[in-house]
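First comes the structure, then the notes that go with it.
Labels run A, B, C and D following the written order; every chain starts at residue 1.
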Amino acid sequence: MKTFLKSKEMSIVGVVLLLCITLAFVSPVFLTADNLLDVLKANSVIGILAVGMTLIIITGGIDVSVAAVTSAVCVITVKLMMIMPDHFISLLLAFLVAPLLGILLGALNGVLVSKIKIPAIVVTLGMMSIINGLVLYITNGVYLNSSNFPQIFINFANIKIFGVSIIILIFAAVAFLTWYILKYTLIGREVLAIGGNKESAVRVGINFDKVQIFVFSYMGFLAGIAAIAQTAYTKSVDPNGMLGLELMVIAAVVLGGANIMGGRGTILGTVLGVLLLGIIQNGLILAQIDPFWQKVFTGIIILLAVSFDQLQYKRSQNKLAKIEVEA
Amino acid sequence: MKAISLPKENILGLIALSVFVLMSLFIPGFFGHNNLNNMMFQLPEFGLLAIAMMIVIVTGGIDLSITYIAALSGVTIAIMQSHGYPIIPSIIVGIIVGLLCGLLNGVIVSKIGVSPILVTLGTMVLFEGIILSITKGNSISGFSEVYSLIGNGYYMGIVPLSMIIFIIMAILTGVLLTKTKWGRSVYMVGSNPVASLFSGVNNSRVLMKVYLFAALLSVIASIIMTSRYNSAKVDLGSSYLLQSVSAAVLGGTEIQGGYGKVIGTVYAAIIFQMLSSGLNLLGVPRSIVNVIMGAILIFVLVLNFVKYKLDEKAQKTAVA
Amino acid sequence: MTKYLLEMTNISKTFPGVKALDDVSLQIKKGEVHALIGENGAGKSTLIKILAGIYTPDEGANFLFEGKEAQINKPIDATLKGISIIYQDLSLFSNLSVAENIYIGRDSNKKPWKKVNWSEMETIAKKALKELDFEVDVHTPVEKLSIAQQQLIEIARALAFDSKLIVMDEPTSSLSTGEVEKLYKVINKLKQRGISIIFVSHKLKELFTVSDQFTVLRDGKYVGSYPATKLDEDKLITLMVGRQVQYEKNQKRIAGGQTLLELHQLSKDGNFKDISFELKAGEVLGITGLVGSGRTELAQAIFGMNRPDSGVMKLNGESVQIKSSVDAVKHKIAYIPESRKTQGLILGQSIINNISLPILHQLRDRLGLIKRKKEIDLANHYVETLDVRPALPHRAAGDLSGGNQQKVVIGKWLSTKPQILIIDEPTNGIDIGAKTEIHKLLRQLAAEGMGIIVISSELPEVLAVSDRILVMRHGKIAGGLNIEEATQENIMNYALFGSQNATTETDTPVSQGVIA
Amino acid sequence: GCVSGGAAGSSSEKQSRGDNDKIKIAVVPKLIGIPYFNSSEEGAIQAGKDLGVEVIYTGPTEADAAQQVKVIEDLISQNVDAIAVAPNDAASLTPVLKKAKEQGIIIIDWDTPADQSLVELSVHQIDDEAYGRHFTKTLVEQMGTEEGEIAIVTGGLSAANLNTWIDAAKKEIEENYPGLKLVTDKIPTDEKQQVAYQKTLDLMKSHPNLKGIMVFSTPAPLGVAQAIQEKGMQDKIAVIGGTLPKDSIPYLEDGSLDMAVLWEPDKLGYLTVSLAKDLVEGKKPENGQNVENVGEIELWKDGKTVIMGPPTDFTKENAGDYDF
């Protein structure tokens, strides 16, 4: 599997590299540390969500409510921070509340998917509609702005370690944690097993419901973290600001080589997928492509990348099928 | 043996009927001429897109690009007409453009084998970009009077023309799906593409036709929309995208493919339509309408689940 | 008191519309190999799934394990009690490595955050594989292994669990002789350790080699339990089927009429090389060989699903290119694939829709609409002639037992009225009664003028149906034999060594009659 | 069933109209749930209270023409006396507005013009031409030079009013400031602060000599200012944005946003309802008329176009005085 997955990731590494080289020629600023860090920072929220989505997609599910959940958590957490004193404890509390809220909403998705057996896309579609509606109704779309934020949070948001923003570090930590879970914990292996073969998983005693509730709750947990990262990034909350982000998240995961039918997917691949999308966006502006044409380019690059990837995959499958023929 | 319980489509039909009765009784103005009329005008465009989505879902795919196919063909028709071309050639060119979009989806899905959600995500962005580049984001109008009759006119003074088009297309789709070789193959490919390939079904041709057909339905929806709204723009009908997935699923379509019926999707579209209009009449805020729609979607599926469990029990006791 | 390791009594199971098990019992002694037999659909797999905790039995079931009342509601309950199951259709994870597949399920009751110990996993896996003398890198993903190798991984998993009871549902259906031998050795070893084994198989000979006790089911009902010493094959068959069944070498060879199919030097890189033969109308051509010798690849090439690189294929004397299964159907070629569940049938669809699928274009009226009534009649016809049970054509194909599913696939392809019928492992997992019926059917179809290619790993079967036999080895035709000259021995020699008289002194017991 | 439905419907309509003497005015924004339109909602509702009319403020949740048509169709069923609409896409509303007009409903547009042949009144917050030119002029003031590279950031490429202002701003550049150089076509931001932020970062990188940015749309200026703030470019790049004062305070304070130029949206809502009520009662507006709680308005010669007044410049000095 290792070699095979490697080749799968290699193809996206190839695409990313190709794009980088082209851009480096087109725009001298592209390869500067400053720019690359900006790209990373701008895509950290998508990245955090995509890492969680990877687990769900490996089990063969999908979650289109991620952006809605993140928005809801943003709103609630920030409202909470605004009524709390400007103190370290308040910050801690917010960091506790956000993931918990996310887990709660995620677990609700998980329970509906596993216990009531409603397909994941439907549950989360319904959930997205409900949460977005409620958020809009409650906030009336009003921005919550940094002028209202406690100073301690602003300070937190501005933390940099060796010039790397805290937001990127959160993303990195989340990616590492999830990689570890997937590789080295029982539940992580169960996630992969379920994706590989649901029926067999049940037969060998894996609790399918439990694993599903886990992946959705974990997604919720990361949505909570993403909410913190998002708030730190924009230093404001736009209740409508994340509409439609879920498609980008899913695109990143699948570009990263995960199979939408389940069973296949890696954290490294997903991170690369996120980077690919981020670089496309950044690169089109740096290359000074006419804004009207940027979407055309984005669409074409996505189509080329996925087609290339698929052809590559087919070829590797063909090689697997060979048998030894005597000369 | 097979008709111990009602098929889920009939249940949905009953729900639709009861929603209609309840709303007529309790919401003033719901049963009014104006409102009924509105609903009849609003349903066709959404219904067509929902059916298009349903067919693609039956094959185990999804088509995120349908609303942009609609927009692109709408813009084409608008540009042609505003440049003085007559209606029929404009519509034909619009249909061709839409079918080309469907072809692109079809080729990448069926020949290269990329998963549909990715392909259509890509083409969605691509089509949007093309429209933006053509229109510079502006809306294009300049339709002729006759054209606007398609979406706004009546047949025999009572039934909206667009409704008739919708009914015809729905029946046609139903017949194609249940009674033709292609339709049967759609279900087979959706259930198990490997086995259908081993059974002499030309999977890629079946899929190709599915994406072409979905595109065709989108174009027809687009013609109704552009004629109703008198203009075409990049986001024409974009709010219908996820709604059409919801309607297809509420209508009983299996998201993994292999099952789905036109009638179920139509019932679901009607339910959504009535809820939206009824709640509006009640003055419920739009955002809460969304909440209720989401809740209904989940509720009906929970209901299905409960019913399934009950059926299972009933059948067991029947045999034992 | 503790004479029995496992006692199941009063077991009934009702599926919507079907009573799959009706008051069945099963008693397993410690350290015995217990054969569970019965025709297709008799309820063997269902009984096993109840034992495994996948299905819950109807009320009133009694369950004793090691003399104590046992509750098995979930698979993990069975695992924890020391019951391992090797399913008919395997339960492997193609995306995971060999080591993980062997280890998996072991910790299902542990805390989800338990750290996975990769080195321990590998050690355990290697140990289990060693017991089977199966050499494979434990890091290999299972999807790269052949079916036979996958079967061994399943067995290794059961070994690694230190089970008290191992259930094997048709474990040998895709093992080669050598591997079957190894399995017997392992079974004997396990027996000595006091481990009990429930063995399900349709290969009666093999059952007599390993089993101590037989429990027979018929139509979901318990027929009885008998020690091996009190039984012979004929008796067993009578118990299973309720009548006498014969299974003999084909006697009257049909020379064949006009030539339907000719292959000249057909080759495909990595699949097969220089394949040339003829198939005449009215004859049955058997193709056999070891698993992995390229038979399926060749068959799929003829059927258009695996395009050859070079060579010529002629149909009725004319050179043709079959580019897809659609082409093949047009040229009246039918292919019944070896994997029912994934290739043969659309399990979620009704029997009717499955049977009519390849000939839908013939069932259309002038408007191009499908004539439903004709379609149903067609399905009913094949359900009847092939004796599909239960005979409910509106039911989903997936609700049938393995053997009955196979009958539906056969029906589906007979409906196309093919000139050439290629059938890949026609009776895999089919009981002896149904097997002879299918053999008879194939002979009869040939007599009516069809050209038939039977690919099978079971020598008695090849001998029973063929007029001519080709033996493949490493992608090439190692030899051809007319039925008069064919014996299990000379076929084996071709399959193993590539020539008829390489050596007859081999330690491979051909007496089993199963070479692949 | 539809035939009988029609008959039953019309009788019930008559009844309900008889029941309720209060004037019903529907105000339809482009979309609900964004600060700008929330603010105008407050004004409209307040006007309803002050003037004793029933105000229905409803609109689509997405800035989508189709949804807006539906909202208006539903409003027609509710027998309102007047509909004041801010079209997402003027052309697309023409058929439905025509239908409304045929039912005797008075049609008004506000914020953004609709089909002028259908509206009885067109309430403009601002003179579009003057507003766009005002942006250019203010930007030049803040840049302190008439030369240099500038860029335009917009909410969305397809928003008609934004495009009108941008065109006016460009015209002002062409006519009076030949030294200003637009480095790229207008940059869309999906009406999202975060997108504006990201794109501005990229914009500054690809055009290191940038001197000024004009930002049209309410959320985008905040994102642009945030990027300027983060990179410490307050003194190098001047930013003018059409946004609300309250949100802008943190950026106005350190100069990352030099000035917010807008009108008072609540007043616009108030004015719209107030003029609509007058119309229903048969009163036409006059040039120079002083509308209570709004101020003096301007009426153009066409007798339809009402201009609420000149734009308000919000700076760090006065931004704190406003409550929106």
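Quick notes on this structure:
As a convention for this text, contacts are C-beta pairs under 8 Å (C-beta built on N, C-alpha and C of every residue); 3 or more make two chains touch, one makes a residue touch a chain.
Chain by chain, the UniProt names read as follows: A, B = ABC transporter permease; C = Sugar ABC transporter ATP-binding protein.
Bear in mind that the values here come from a model prediction, so they are computed numbers and not experimental data.
With contact taken as defined at the outset, subunit C and subunit D are each touched by A, B. When the C-beta contacts at A-D and at B-D are tallied, the pair with the greater total is B-D.
Mean C-alpha positions place subunit A (ABC transporter permease) and subunit D at a centre distance of 35 Å.
Averaged C-alpha coordinates give centres for subunit B (ABC transporter permease) and subunit D that are 33 Å from one another. Separation between the centroids of subunit B (ABC transporter permease) and subunit C, computed from CA atoms only, is 44 Å. As a whole-number value, the distance joining the C-alpha centres of subunit A (ABC transporter permease) and subunit B (ABC transporter permease) reads 29 Å. Chain contacts: subunit D has residues 32-33, 61, 157, 188 touching two or more partner chains. Annotation for subunit B (ABC transporter permease): residues 132, 136-137, 285, 287, 290 touch two or more other chains.
Multi-chain contact residues of subunit C, defined as those touching 2 or more other chains: none present.
Screening every pair of chains for touch gives A-B, A-C, A-D, B-C, B-D. Taken in their complex, subunit C has these residues touching subunit A (ABC transporter permease): 52, 54, 74-76, 78-79, 85, 87, 90-97, 100, 104-105, 107-116, 118, 139-141, 143-144, 269-273, 292-294, 297, 473-476. Here subunit B (ABC transporter permease) touches subunit A (ABC transporter permease) in the complex through residues 64, 108, 112-115, 117-119, 121-130, 132-133, 136-137, 242, 245-246, 249, 254-256, 285, 287-295, 297-298, 301-302, 305, going by the rule given at the top.
Of all residues in subunit C, only 14, 16-19, 58, 305, 324-326, 328-329, 335, 337, 342-349, 353, 357-358, 360-361, 364, 368-370, 392, 394, 412, 416 touch subunit B (ABC transporter permease) in the complex they form.
On subunit A (ABC transporter permease), the positions that touch subunit D within their shared complex are 27, 29, 32, 34-35, 38, 42, 133, 136, 139-143, 145-147, 230, 233-236, 238-241, 281-282, 285-286, 288, 290-292. Taken together, the subunit D residues at the contact with subunit A (ABC transporter permease) in this complex read 32-35, 37-38, 61, 157, 184-188, 191-194, 197-199, 201-203, 205-206, 219, 222-223, 226, 246-247, 249-250.
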